[in-house]
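Next come the structures, one after another.
What follows is chain A paired twice: with chain B in the first complex and chain C in the second.
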Partner chain A sequence: MSKKSKASKSSKSARKPKGAKKGAAKRPSGRLMSVATNARKAINERVAAIAEAPLAVCESDENLQSMLNVLRSEEEPIEVRLAALQAIQAASFSVVTFESCRSEYIATLRQVATDPDMELRQRVLGILAREKDGFAQRKLLEGLQNPEKALVPPEKALQLLSNDVHAEAYAAAREIVNNPPSDTARREALRLLAADATAAPMFEKLLRDKDEQAEIRQISASALQALKPEKLQEHARAILLDTSEYDDIQATSLTAITQFGDEQAVAEDKTLMRRIDNMKDEASTKIKQSARRFLTKYGQ
Partner chain B sequence: MQNVAMAGARSETEFASLVDALAADPDRREQLTELLREDHPVYDQRGAATTVRMRGWVLLALARAGVSDAALIFVLEELDAGVDAYLVAAAARALRSYPSPNAALAPFAMRALTNIRYHDEPVSFEGYGEYADSSSYTTPVRELLVTLAWLGPHARGVLHEVEALRAQHGGLPKKLLVEVDRAVEAIRGGQADEPDADCCTLPNGLSSTFSWALGSRRGSESIESTVFEDHGGASVTFREFFRGHPSIVVFFYTRCDNPLKCSLTVTKLARLQKLLEAQGLDDQIYTAAITYDPAFDLPARIHAYGQNRGVRMDDRHRMLRATDGVNALRSHFKLGVNFIESLVNRHRIEAYILDAEGRIAASFERIQWDEQQLVDRAIEVLNETSNEKSGGPVPEVSPRPVDAPARGKTASTMLGTLASVGVAFFPKCPICWAGYLSMFGVAGLERIPYYPWLQPLLFAVMLINLASVWLRGRSTGRMSGFYLVSAGAFAIVVSKLGLGLESVAIWGIALTLAGSLLSALNAKGRRLTARGGPA
Partner chain C sequence: MNVEFQINNSVSPSARFVSWVPSPCRIRMTNPSGATTPTVTIRITSTSAATAGAVVFRKGTTGLFSTSLSLSVPTNGTSVPFFIAGKFGRPSVNNGDVRIDARAGTTLVGSVKIMVRVRKNANNLTNGERDRLVAAFAQLNNQGAGRFADFRNMHTSVSSPQAHGAPGFLPWHRAYLLDLERELQLIDPSVALPYWRFDQPAPKIFTLEFFGVSDALGTVQFSPTNPLQFWRTDGVQGINRRPFFNTSAAPPGLRTEAQTFALGTQYPAFRTMEGNPHGSAHTSFGGSISSISSAARDPLFFLLHCNVDRLWAKWQRQNGRFNPALAASYDSNPGNPIGHNLPDTMWPWNGIIGPPRPPTAPGGAMASSPCVSAPGPQPRVRDSLDYQGSVNAVSRMGFDYDDVPFA
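So, the complex of A and B:
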């Protein structure tokens, strides 16, 4: 067998759950469910049966209850519980069929949201947060306000809360920006605040702060574009004229003016045009490309 | 004694205790209704989820204490446009405590059932702020089915809808089929043929959805200098835009996540504008959609929001944001909205009609308003303005008859078609003309002189008809009429080229007639659709 076909075979088998038999015919749902929920079967076999089971989940109340029990039970191996979660989540895409199961599914997710297993907890909170679930939002906010109660790391909590603009997370995010537990948490807090109309002055300050990390300054530029686009244009111009600015931020500023600038005002801005014209030849490769795009757009 | 007016600074637990105390005290139960007003200070600086928990608890207190006529509107509002499972379930339960079940309530329960059935989440009413995470819970669909059963024969008007949902695959959750059957049985019960005495009477509480201020309108002086920025970034003051003519004003914000509120309101504004246009009133009655969230809703954002919903935006019809914030507007319009920082946490549906002085002449609150009703009220205000200007009674300003332009268009179509016929049969020379005349002579007609200039004139009119059909096709989006008329015109022109294809002219006439007729029918269908008639 050639190397290529071996590789292809191994990639195909990687996509299949362990324990799934090659070329096996579809098994009846009753048999699948009995394997999936049988604690005496091997984990791989159960995971494989669950992976085939999504359509069977809502076939009967008994099937649903069995699968929810697997998900709920801390006695079950975590691989099996995660597979059960994935199967029910897959079933939920059939909105009409799943409607009968939905309320019990959500109630179970709320139970599992405080499970001792971190990965399961995080996935479950993710599903609930995308549903804008009040219970999940309250738990996540509690964790941000009191780290001892936190179910997920602060950056994850902020990321999940950002699914709902009405999740009352701005105050907690501001607190994290001021007293960040980690760089990642601060970054996520800033991303969340990019939808807070009152945060524009903070982003202006961060954008102009040369001591800030480039990523934070870029997040600030993006937030300003959403909140106060005219301010971004002002600052972007000033950054481009400042010869002591960093390349990354100048490239971001150049893109902002090229894409969103007032065409007439920019074209008439001789100082800026001269500066960009110089950049075209003298700056780093990244800026040169952006400068050429700018000059193409503004007619030079 | 605990005071509702001072409830603003309370914690959620204290608020829940206050609500329980009010529900338990028959003399103070009416104060629960006050707590359901969105602009109540108790909701100031609370998040949306907190607001849901608080309002839900008040609705549940009403369910225990009984819903009064004054509180009914808040319950129906939740059923009419609510999308939160907890609030809809609580409202359904509260409705069952209204002392007089009424046929007018059934459509609200049915609408809620239709809106919420794919978001049937578990809710717990056990304690304040509890979320269901076990098997002992209820759901909005379950509560609504129990409410329909409570309405019994009063819900006969929606029985066919319940039965249709029952029969439809996935229409209602399988495990609730017992409740569905119970509701159907209750609705069918009682005197089957006995007409519902109060079938068409709206409960008293519902009358507050519309208010009509005659002779007692507040002046708009306090907000006359309020500056707005419109969808195109142009600045205009309240006085500049709202004085001199009646206006229809709705409120919205682009981040609203309830599709039955802001998104629907702005979509309906677009339909309302078309009604004004169809009645020729679009230059006499202005419209405006004002955002609750001016800090976030920048001109580009409100422009895109309006455009995506078909709103007409020009100097008379604008999407607006108040540049100095929404506070002045809040107090002038007494808006049913509250905020956490600058973000809306809850708002009601609200639309206003302003008179020519910018004063509020009428308001529509909470329940979905009807576009035609709003237009009719605005016309009344317009008539009233005309009366005031003339210093006495003057003839009413009537909407331009819809059929007048239609008649004009039909006449132009007929003229164009006749021109095509004229071109097809126009004689080539005076001898042919004599031949025609000899035929007319047989019919006893008077002598008609030969006018060679008539042919180019008829040809020009035929081209005008072609252009008119093209324009009509473009406006209706149906070009089939234009294609037929084009083919007809082509056939007529070919028949006149002297290629021995004179007989083609008959086909040309037939195609022209068919195309013109089709074009006129398409245009008529479109006008009827715009008026809400059959498409």
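So, the complex of A and C:
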């Protein structure tokens, strides 16, 4: 928050968009805002007007208030509210222009985070989570710990919490890995745990488990590459030498070795070289491509 | 008899890349054996496959280009200047797919392989170009432990006022992309940053083999052969990107290229494109790319911005807006914040920290290029404008777009 305040102070001198004053965008913005906020207009027309000029949102306090009102109002059609959110978010990319509105925007997002519409909730919580907003993090965690309070499905909560992981989130993710409500929730829990150094042994086990889903093994390889890269290289080599392994995980293993392997050690590994040389002719198309890329890199 | 080529006035193989902008080159005799006169007429031509790059030549800084050139080359080793440019519409596909030959009479006395390297529409890349790009990105990031982290840290909420919401938006991002592209080229010199033309369908970008396919949750899936499956930034595993549009079509509501150009012929009007299409392209997705603080986690971000830069480049050419001395080329309002005035150096390359600049300056100076000297290690806002060196030849920055010819 203090960082945001600093940015705000440094940008006050240029709060209004100069281009908007001088350029062509100024002239139609009044008309666009009037269509955007007019409940008697067709939904499509309003959505198109909102999409056309996101910078108009911050041209005046009145415009911003109008858009925030549309976003807040449960009476407004959801399409129009989502378009308003998208336009305000697009305007937020013009930080100097937007900075004066930011605190009110965040307050509105927190308010809308509990809206009855699931899609709107998800989008709003996503924006807040990427801003590492404490309110959103608490709500998401609460939902994981007590599903009755959940604002979004567990897989979404886990995905959003991974933006800024805290210890409580690791505990909740481990619980979901052990008792998954769905395959997607388990997958997202594993993604979140990829930032937890203590999870490396679990990922080693999942990677080598031939009964595990291909996607989970792929995530495990990726997590292991981050947590213990030398272990991944070890396992990737073993997977490649195992002729009973599945194509997908062999392709992932070969990609890991090609991309991140110790070049000298790999070049001196005659057994591995022979195996990959065979793969370029005998394996599935997917592996053949990877094998050729590997052999090109190592001058074979 | 032998001659030596100096592409971009350098004998280094790393300098053997040209774009649409004429590259200064030299040729000199390294072995005059067999020569009977003080100078020898050397004919320079190029050879390439129909699908590969093509180049043209000329003797000086002005005049017409031709497909061959005859030069009088002294036998005493003194070099002779000439220029090579990529033939517009014929970019290379692979490194060294254009061969330049030098002949004395019918005898081949020297040759060199070069590449016409330009930024292309990502939807039209060959599989080879695509694979080299994703491999270079993956290596630059190296699971969040590589040099890419600096680029992540350059584009955050704290640093945002240096880059957004004021006239320096376009110049800053031009420098940012160039810095990243040069780092990618250190890994694979055949890579040029492609652009996502967001006002047209680009289904080939959103595939398992390229920038991934998003599932309903917004988790991006990759093929097991794609090194981006190992992508990780800020401790976040993978990429979160949820398109709010059918990725086989263009996102709705974005200004088209023509509508963007119609914003006006003066820079203050044109730069309102920061809202739509730029901001709107970001928010045509949920996920990292839709928030300023996390946008650079997604490598697609750089293709989006490459298109924003291409639009500026094309607008500059249409309206003659390369010269910083021309008022319409920029918005020199006295109220511009620091970092947004033409003479200002740009953060983080200038290394200046503390208010009103951000508290840190990640990444150090701008990466250098073996082909060109501009924009220098600490670029100013004004240095970003004349990217082709059409106002001042030394300003050329070494990149071009496939659909924007030399001015």
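In this section, the second predicted complex is superposed on the first by the 229 of 300 C-alpha atoms of A that agree within 3 Å, B and C clash if a C-alpha of one lies under 4 Å from a C-alpha of the other, contacts with A are read in each partner's own complex, and residues count from 1 in each chain.
Please note the rule applied: contacts are C-beta pairs under 8 Å (C-beta built on N, C-alpha and C of every residue); 3 or more make two chains touch, one makes a residue touch a chain.
Being a predicted model, the structure only gives us computed values, none of them experimental.
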In the overlaid three-chain picture, which partner chain does A:P229 touch, first (chain B) or second (chain C), both, or neither? both
Scan A:R275 for contacts with chain B and chain C and give back first, second, both or neither. neither
Which of the two partners, first being chain B and second being chain C, lies in contact with A:D61: first, second, both, or neither? first
After superposition on the shared chain, which partner residues are touched by A:R293: those of chain B (first), chain C (second), both, or neither? second
On the A-aligned overlay, A:R208 touches which partner chain: chain B = first, chain C = second, or both, or neither? neither
Taking the superposition as given, does A:R72 touch the first partner, chain B, the second, chain C, both, or neither? neither
What is the contact status of A:V165 with respect to chain B (first) and chain C (second): first, second, both, or neither? both
Touch count on chain A, higher of chain B and chain C: C
Touch check for A:K41: first (chain B), second (chain C), both, or neither? neither
State which residues of chain A lie in both footprints, the one left by chain B and the one left by chain C. 95-97, 99, 165, 195, 229
In the complex, the residues of chain C that touch chain A are 131, 135, 138-139, 142-144, 157-158, 160-161, 164-167, 169, 217-219, 221, 223-227, 229-230, 232, 234-238, 240, 244, 252-254, 262-264, 266, 268-272, 274-276, 278-280, 282-284, 286-288, 290-294, 331, 333, 335-337, 340, 355-356
Which residues of chain B touch chain A once you look at their complex with the stated criterion? 46-50, 52-53, 86, 117-118, 120-122, 131-135, 137, 139, 169-170, 173-175, 255, 257, 293, 295-296, 298, 300, 340-343, 345
Residues of chain A that touch chain B when the two form their complex: 61, 95-97, 99-100, 102-104, 106-108, 110-111, 132-135, 137-138, 164-168, 170, 195-198, 227, 229
Using the touch definition up top, name the residues of chain A that touch chain C in the complex. 3-4, 6-7, 9-11, 13-14, 17-25, 47-48, 51-56, 86-87, 89-99, 122-123, 126-127, 130-131, 155-156, 159, 162-163, 165, 184, 187-188, 191-192, 194-195, 214-215, 218-219, 221-223, 225-226, 229, 247-249, 251-252, 254-256, 258-260, 286, 289-290, 293
